[in-house]
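Two complexes come next, and they have one chain in common, chain A, joined by chain B in the first and chain C in the second.
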Partner chain A sequence: MSEGILIFAHNNSEIDYAELAYISARYVKKNLNKPVSLITDSGSREWMYKKYPDSVEVFDQIILTDNVSLSLYQKKRYYDGALSHKLLTFNNLLRSKSYELTPYDKTLVIDCDLLIVNDRLKYIWESNEDFMISKQHHSISSEFDDSEFRRISDYSVDFVWATAFYFVKNEKNNTFFELCKHIVENYDFYRFVYRIDNPLMRNDYVFSIALHILNGFSNEIQPVKLPADIIYSLDREDLYKVHDSKTFVFLTNKKNYLGEYILAKTHNQNVHIMNKYAFGRNADRLLEVIL
Partner chain B sequence: MSKGYLILAQNTDTTDFLKLAYVNALSIKLSQSTIASVSLVTDIVDAVPEHYHKVFDNVISIPWFDDALNSSWKIENRWKLYHVSPYDETVILDSDMLFLTDISHWWKYMSTHDICITNKVCTYRNETVTKDNHYRKAFINNDLPNAYSAFAYFKKTENSKQFWSLVTSIVKNWEEYYSRFLTNTPVAYLSIDIAFALAIKILGIETEVFSNFEYPTFVHMKSHIQGWKSLSDDWRNHVGAYFDNTGALKIGNYQQTGIFHYTEKSLITDEVLYLYENLYKDRYNG
Partner chain C sequence: MDERLEKAISVANLMVTFNNQRKLLKQEYKEQLLFHVNGYRFTINLNLINFIAFLTSRSISETVLIDDNENPCLISDLNSFLDEIMDQYFQANNDYYSKYLELKNKRSVTKLTLES
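Here is the complex of A and B:
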């Protein structure tokens, strides 16, 4: 059975998602030693080719989605630290099509802003599980109230992170992704029923709802957790320094002091860097240390 | 050995507890595969409607004097349940409960005890309530065992008799017991949960009467233990209750299973009553 990693990336007017995907691919290839494929659009691909000509070799396959439906464009507020943000186009809902887009039988899907810096996820390939996803990632800030990531709303269902998940192609998982697509297509209804206040459609919400439904509208069966923890740094935080390919320093928010920060370091931990601007600012350094 | 459920129901000025007990009994008859006998204990046997009699296996009059005559909560007769139960093994229930799926297998485990009392309850999301700082301050601060009398099993044995004798004494002399044992956080009213907890504590039988398994348990719909940030006392201000035509119940986004203790009595509308009655008629040609 073929095994590989899938990353989605669609640039907007300011964020070079394809660049993030390229860097993320370099890290995951180094640490998991598996082929990586990219799902993108032709514009993002051409821009990436210009900037990183070797991306042709980095990616096993580059799959274009210019004509794929569900390419819904939303507006999202992109933060760059606590005090700066912009409203930009956000095209990130093709995740529900992972099943039909992946070229692999066994696929690990990761966000393009996730840096895999250790090899703990290698155990998924030997596992008997056919689907893995985590309900809990860990904030880099000990002061952060993570309740928004515990449930999709106060009265509703548990939050699962679509940032990273693993699936094997089989009938059961096909059903899951078909349901995800149905939820995306009828999101206004599901947003109402699941009491989601946030107007932005997130893959996390879609996956959370789909898992809940397939579990018989209950928590009785918990999804199997990925065999690696993931630390997240919010977009209202900053990636301050890249020491080496495993050690990063972040500026985390100081509670009740907007715009003031506390330093925090990660070492040998997979990190989800939600501040895309910060990720981009550190692109050269992130590539320099991985060489 | 006969086994069954026993419900004490006395109507108050505001609530038709008899109706709630009747719907509870209907839900038991519809959901339980083996043990589905239900008996009613009430002060108004003559006023119990004829069609209620068809559902309850026994309708029993509260013996002796009605201790709850001047009470608004009407729990003062609970101690008599031990004496009037027609079963060798009994589970006492609150009226405002619904059985949604089969829990018959619990009896096998409960039968290994003389007494087995619920000590953990769940939210509508099926999460165990780990610490109830809102409704159970008196339990926490006075170091009382976490007993819930809404679902409690007993067998007619000497140990059980001793427990119920002490419960009787506490119910009849609750102010005296409370003044002695509830010194950290005083409570100004009789509570059967507290009476059970005190009896367990005084007899030192916590390990014997509490289960190490996940059951017995029930979904307890007290608003402040559901894990919500914003709150009102009535949970229905936050999540909807949706019965389907099979009697299954969803609360918010969650399918309910096991036993559902709804606490808000007006959940049982006439529509819900007719739903369960019709399901019962369909099942038993009644």
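Here is the complex of A and C:
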């Protein structure tokens, strides 16, 4: 059975998602040694080719999705630290098409802003499970109240992270992704039923709802966790320094002091860097240390 | 600002940073305790080690264990399973210990985070 990693990336007017995907793919290849494919549009691909001509070799396949429905574009507030943000176009809803887009039988899907710096995810390939996703990731800051990531709303079901998930192609998982597509297409209805306040359609919400439905409208059955933990740094935080390919320093928010930060260092831990501006600012250094 | 208060705030910043680093270190340690065998996953702890050591002391070489995902898993060679989980356990503990000592000896935010 073929095995590989899938990354989605669609640039907008300011964020070079394809660049983040390229960096993320370099880290994945180094640490998991598996082929990586990219789902993108032709504009993002051409921009990436110009900037990183070797991206042709980094990616196993580049799959274009130019005929994507415009209804999948949303507006999202992109933070760059606690005090600065911009409203930009966001196209991130093709995730529910992972099943039909992946060229692999066994696929690990990751966000383009996830840096895999250890090899602990390698155990998914030999696992007996056909679907893995985590309910809990860990904040880089011990002071952060993560209640927004425990349930999809105060009155609703458990939150699962679509940042990274693994699936094997089979009938059961096909049903899961078909259900996700149905939820995306009828999101206003599901948003109302599941009492989600946030107007932004997130893959995390779609996956959480789909899992809840497939588990017989129950939170009792826990999804199988990925074999590695993921630490997240919010978009209201900043990537301050890249020591080496495994050690990063972040500025994390100080509790109750907006715009004040404390430093936090991660070492050998997979990190989800939600501040795309910070990721981009450190792109050269992230590539320099992985060479 | 009163000098004493200024000093207290700087110590508070150091303590927040130290506690955060300790939390991240503990998470890394917990990850190191995950043991994978035949597609199943076990968290190594003293209960697991003691139970397997007890079975091997009774010359039992094969058993079914329930993994972290509550799936049953046949372990056909308990002696080598015990060796492997003990190796990994001590390696994780020693690593945690040395990194913790290193952390404890750093007396400034700069040393805790900015020095590699």
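Please note the rule applied: the second predicted complex is superposed on the first by the 287 of 291 C-alpha atoms of A that agree within 3 Å, B and C clash if a C-alpha of one lies under 4 Å from a C-alpha of the other, contacts with A are read in each partner's own complex, and residues count from 1 in each chain.
Everything that follows uses one rule, which is that contacts are C-beta pairs under 8 Å (C-beta built on N, C-alpha and C of every residue); 3 or more make two chains touch, one makes a residue touch a chain.
All values reported here derive from a predicted model rather than from experimental measurement.
Following the overlay on chain A, a side-by-side fit with no clash is recorded for the pair chain B and chain C. By the touch criterion defined above, A:E14 lies against neither chain B nor chain C after alignment on the C-alpha atoms of chain A. In the overlay built on the shared chain, the residue A:T247 is in contact with chain C alone; chain B does not reach it.
In the superposed pair of complexes, A:D119 makes contact with neither chain B nor chain C. In the superposition on chain A, contact is made by A:E220 with chain B only, not with chain C.
Contacts of A:D145 after superposition: neither chain B nor chain C is touched. With both structures placed on the common chain, the touch criterion links A:I231 to chain C but leaves chain B unconnected. A count of residues in chain A touched by chain B and by chain C gives the higher number to C.
Once the two complexes are laid over each other on the shared chain, residue contacts for A:D197 go to neither chain B nor chain C. Once chain A of one complex is fitted onto chain A of the other, the partner contacts of A:S156 are limited to chain B, with no touch recorded for chain C. After superposing the two complexes on chain A, the angle subtended at the C-alpha centre of chain A by the centres of chain B and chain C comes to 70 degrees, rounded to the nearest 10.
Once both structures are overlaid on their shared chain A, chain B and chain C have a minimum Cα-Cα separation of 16 Å.
Chain A has no residue lying at the interface with chain B in one structure and with chain C in the other. Residues 125-127, 228-230, 238-239, 250, 252-255, 257 of chain B are the ones that touch chain A when the two sit in their complex. Of all residues in chain C, those touching chain A in their complex are 13, 16-17, 19-21, 23-24, 27-28, 30-31, 34, 36, 38-41, 68-69, 71, 109, 112-114, 116. Of all the residues in chain A, the ones that touch chain C in their complex are 120, 123, 126-129, 138, 140-143, 224-225, 227-229, 231, 241, 243-244, 247, 249, 252, 254, 262-269. Across the complex, chain B is touched by residues 147, 154-158, 193-195, 212, 216-220 of chain A.
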